[in-house]
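The same chain A turns up in both complexes below, where it pairs with chain B and then with chain C.
Showing the complex of A and B:
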């Protein structure tokens, strides 16, 4: 066709009529414009919404912190409405509940992650493929249990059995202050940690499973050909291959544990001030504190809770960012 | 201590599909035997039965005998893990462990065998890398990742890793098919050297390579898709390429099919 058009014998009129750009110019139809516009609008709307929420929260938090009579970062008390302060002025700090948040989440990860990795390895490396996928589905179902159910179960069932375990731990490790108690057990940060461990197990197990499943055949065969047993093959090929991905899965699980609210609020006996003994009743987390206090809080109280929520947001943000850094660094090292 | 391989009545299955049927052949110690044949003829499967790698894939099984000197590798009480420590393998695509350094890659098999002493490891790592003609190229960067090497160097690293555990036999599954001609030449030279210590079986699609490196050549073929692969003939390499006794071998070698 183009030959015909370029040939010298082509009809002069026809050459004039044809735009040389014909077929190459854009032809944006109504559908294109409509879709493009609405997509752009949605994106802009979300940004504005987020900025508005952030501005509101930061304003509220700043106002509360401005009225705070003690240091917000280091104080252990939480009395923003001044119910029991000497002059009725707000006194509140994030330190004790931030500590409780970290401790329960760390316990959750320490207990949950190894089990999750074991489950993922068992499903991908030991079970036949068909049974493995059924088993994996059942583990995934753990994630479908509502957290309030975990809270009820933790409070009514699990906690009954934690006293015995806690006592054994105290008998063995009681010389470390963390594991000392006043003789009472349960409703403790340890119980909350165990509940969190079960709650974050499915997400870590699911991600780890997907990663381990993708271990390259060549790596697996390289290990077997050297005379590796199955466990040695896993150590040589599967675990190194999955290391960065599983690390970030664990960090993501940690992030979820930090933000878990209602189950922790139900299990923990909230005690004011800093609680360092993880086996006896007491302790509090940022999210649980918000859930429990919000209903009875007055203006400053609510603003203070918003401030604590911002701190929690910052913590999870940092944790999620850390997970990304781990993945990115591993990606660079691997290539 | 190179050993002799004696295969008799060997069949291998993937699920219910028979991949190879009734293979019988002998490989003498300190020789290089090449397996040639069209794609899907089962030559790699035969190779993988010689160190019990075939059964690593779920749903597979093997019938028949593979004698290493006088021991049946498929006999009762034989541990496939121990077999693979005796019969080493090099794969088509270089597969060093990606997270390990050059040194760690070579030491990996030794560590499985419980060698822990630093000086023991150092000695074997150097000896193996020298044996794989790689020492001079990597001696200054033993702690760098094995994946940082070129494809040909990676393959020689894999050979070093395989010979580090002092196997009796070395199996090579198209070890040069992912390599450029210069790296291929380096591997072929290496095979000629390794022959003095090991019994070597190499699968190759490259008939010139088979002619260059092997003492004996086995030709495999299939009757059609879905049919099991069979051994057509095995003979001295010059004879296979100059004057094969089977018509199919001649057709394949002269490029009339496959």
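Showing the complex of A and C:
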């Protein structure tokens, strides 16, 4: 099951696959042509579909941004239908909601990822295989809970209990402006971050579990042979092996947190402008803003929301790309 | 190494797909999730009663009047078995958009058409050469709901409310609140004002009241407060006020009674405090100025009216249809249904649903407006 034994097999596969395409086997039957054709059709179709969606979104977004009377990138207001502007002209900017999206997602990952990695290590390295797989199923079940349920739970249960924790954090870290409040807590970006942490936990845990399971037996045994304790073995063999994969898992969780809509919209109360105090009620994210505003938005409003969706997509791409660079650097430094 | 590289690429691809699908499902949810609760009635067109048109009437819009419309739909479909009324309660803005795109025969809206929307109707040629008209149908009262431990009744003047929503009054034991409530024991608790984050007729009418009597910013369907926390929908405002100590908010009267929340007496033009009852609200609405321009009927509340039995924080929602240029096959349906819902029988049901019935003078104005639709 080691990598060295897998790779020659993979090479042999590639050689066999290459043969028919280079025309060395001449008798391509009807089945071949049908299958090849439908596979090619599916590939072309998905490309055309993606291109059409992208073109539609970019067209709509460009139209809205063209009408925007303030800077789309730096403005804190969101009023694309001109409800509050003197002449009803559209004024909207992405800055405040993009900030809220990033802050809640970062809080979610900071709280969720360590727990998820702990869960994955416990399941793969500490529990017997059979109990571990049962435990794994239970963690996976968390991912099957609809996000609206997390939203309801966050709104009705968690929110009531966040003021105590928030107050302690403010007492300790209140000298940092980020953690200051006006004396009210709950419904904050921090609360939303906690809900997000729980929502992304099963994704990160499931992937990390699969990766840690693949740790080469030889390396584990080598670590033990050197007299390592279990923790030292994990640090020497399991964690370095899984580093790039688990980083990808965290990015995946971050992506989910960035795009999470209903749960955040339910937990977070929206206040106009930029919110810098993360423990105080109020804040907004791109996805929650879309969920709240879409029903009542008029033409420009909808196009502006599509533009904000594109920004969200762009943010996800940038985060992914940055993470890929980090992982590649770390991989090079490690080997 | 190979596995790791593929792992990270796959992770990126899936994360990107998740983000995309998140956007996609938002759009889908907003347009499709609120399927009408009103289409439950039978649609079999076996027997058609006299004076009943037949066919399917499509409408969309305001959630504020959804309860009334769904009750009326049931009644009307009972009377006229050949008619199916589909009211998609997807929000005023979405309703007007569906109306302009000819996906709805009329729209329910929490506010009269704005000039921009009227322009869109004209440029889309929705009503041929004609224009869209507003018909006020469902009035209601706005309750100022609060959650202050140990306090069940409060007098809140429009000036104090404006101060709270401007951020100049921040604690419940503020001298200005105390002055209006000498007997109440007010705690030194932070005030947490709540508002609607979505655009709403409740916000529009409440800000109109605060603007007229409390010197607040101009009336706006996007509530003009920089300090209040916004949540989506009146039910969420009510839920937040119920669960948050020190909270204050505004919602239609029925939400206050359903959630058994305390609501304040608010001040009128003479500074006197008026209790919120449906009768008091009806008295105030009856004094509204009716402006009729062709079939277009608009209400303007008279905030200077200061009778002690007239509750001044009220709202009215409209139906929006074409004044002229309605679809010829749908016209009898539109007229039939609108006539029914402005009739005294239909309006009589509003009280038990938590709304306020139209005063007879306005109902009469509506009747002439509906008769002239073509």
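A few remarks follow.
Assume the second predicted complex is superposed on the first by the 294 of 335 C-alpha atoms of A that agree within 3 Å, B and C clash if a C-alpha of one lies under 4 Å from a C-alpha of the other, contacts with A are read in each partner's own complex, and residues count from 1 in each chain.
By our rule, contacts are C-beta pairs under 8 Å (C-beta built on N, C-alpha and C of every residue); 3 or more make two chains touch, one makes a residue touch a chain.
Predicted model only: the values in this text are computed from it and were never measured.
Aligning the two structures on chain A places chain B and chain C side by side, free of any clash. Using the contact criterion defined above for the overlaid structures, shared-chain residue A:211 touches chain C, although it does not reach chain B.
After overlaying the two complexes on the shared chain, residue contacts for A:173 are found with neither chain B nor chain C. In the superposition on chain A, A:226 contacts chain B only, with no contact to chain C. In the superposition on chain A, A:46 makes contact with neither chain B nor chain C.
Once the two complexes are overlaid on the shared chain, A:320 sits against chain C while remaining clear of chain B. Once the two complexes are laid over each other on the shared chain, residue contacts for A:134 go to neither chain B nor chain C.
Contact with neither chain B nor chain C is seen for A:110 once the two complexes are overlaid on the shared chain. In the superposition on chain A, A:159 makes contact with chain C only, while chain B stays out of contact range.
This overlay, made by fitting chain A, leaves chain B and chain C with a least C-alpha separation of 11 Å.
Residues of chain C touching chain A in their complex: 1-5, 7-12, 14-16, 18-23, 25-27, 29-30, 34, 90-94, 96-97, 114-117, 120, 190, 192, 194, 197-200, 220-222, 224-232, 236, 239-240, 243-244, 246. Note for the complex: chain A touches chain C at residues 3, 7, 10, 79, 81-84, 88, 155-156, 159-160, 182-184, 186-187, 207, 211, 214, 244-245, 247-249, 251-252, 254-256, 258-261, 265-266, 269-273, 281-282, 287, 290-299, 301, 306, 309, 312-313, 316-317, 319-321, 323-324, 327, 331, 335. Only residues 128-129, 216, 218-229, 232, 236-237, 240-241, 243, 333-334 of chain A touch chain B when the two sit together in their complex. Note for the complex: chain B touches chain A at residues 51, 53, 56, 58, 81-86, 88-89, 91, 93, 95-100, 108-109, 112-113, 145, 147, 158, 161-162, 165.
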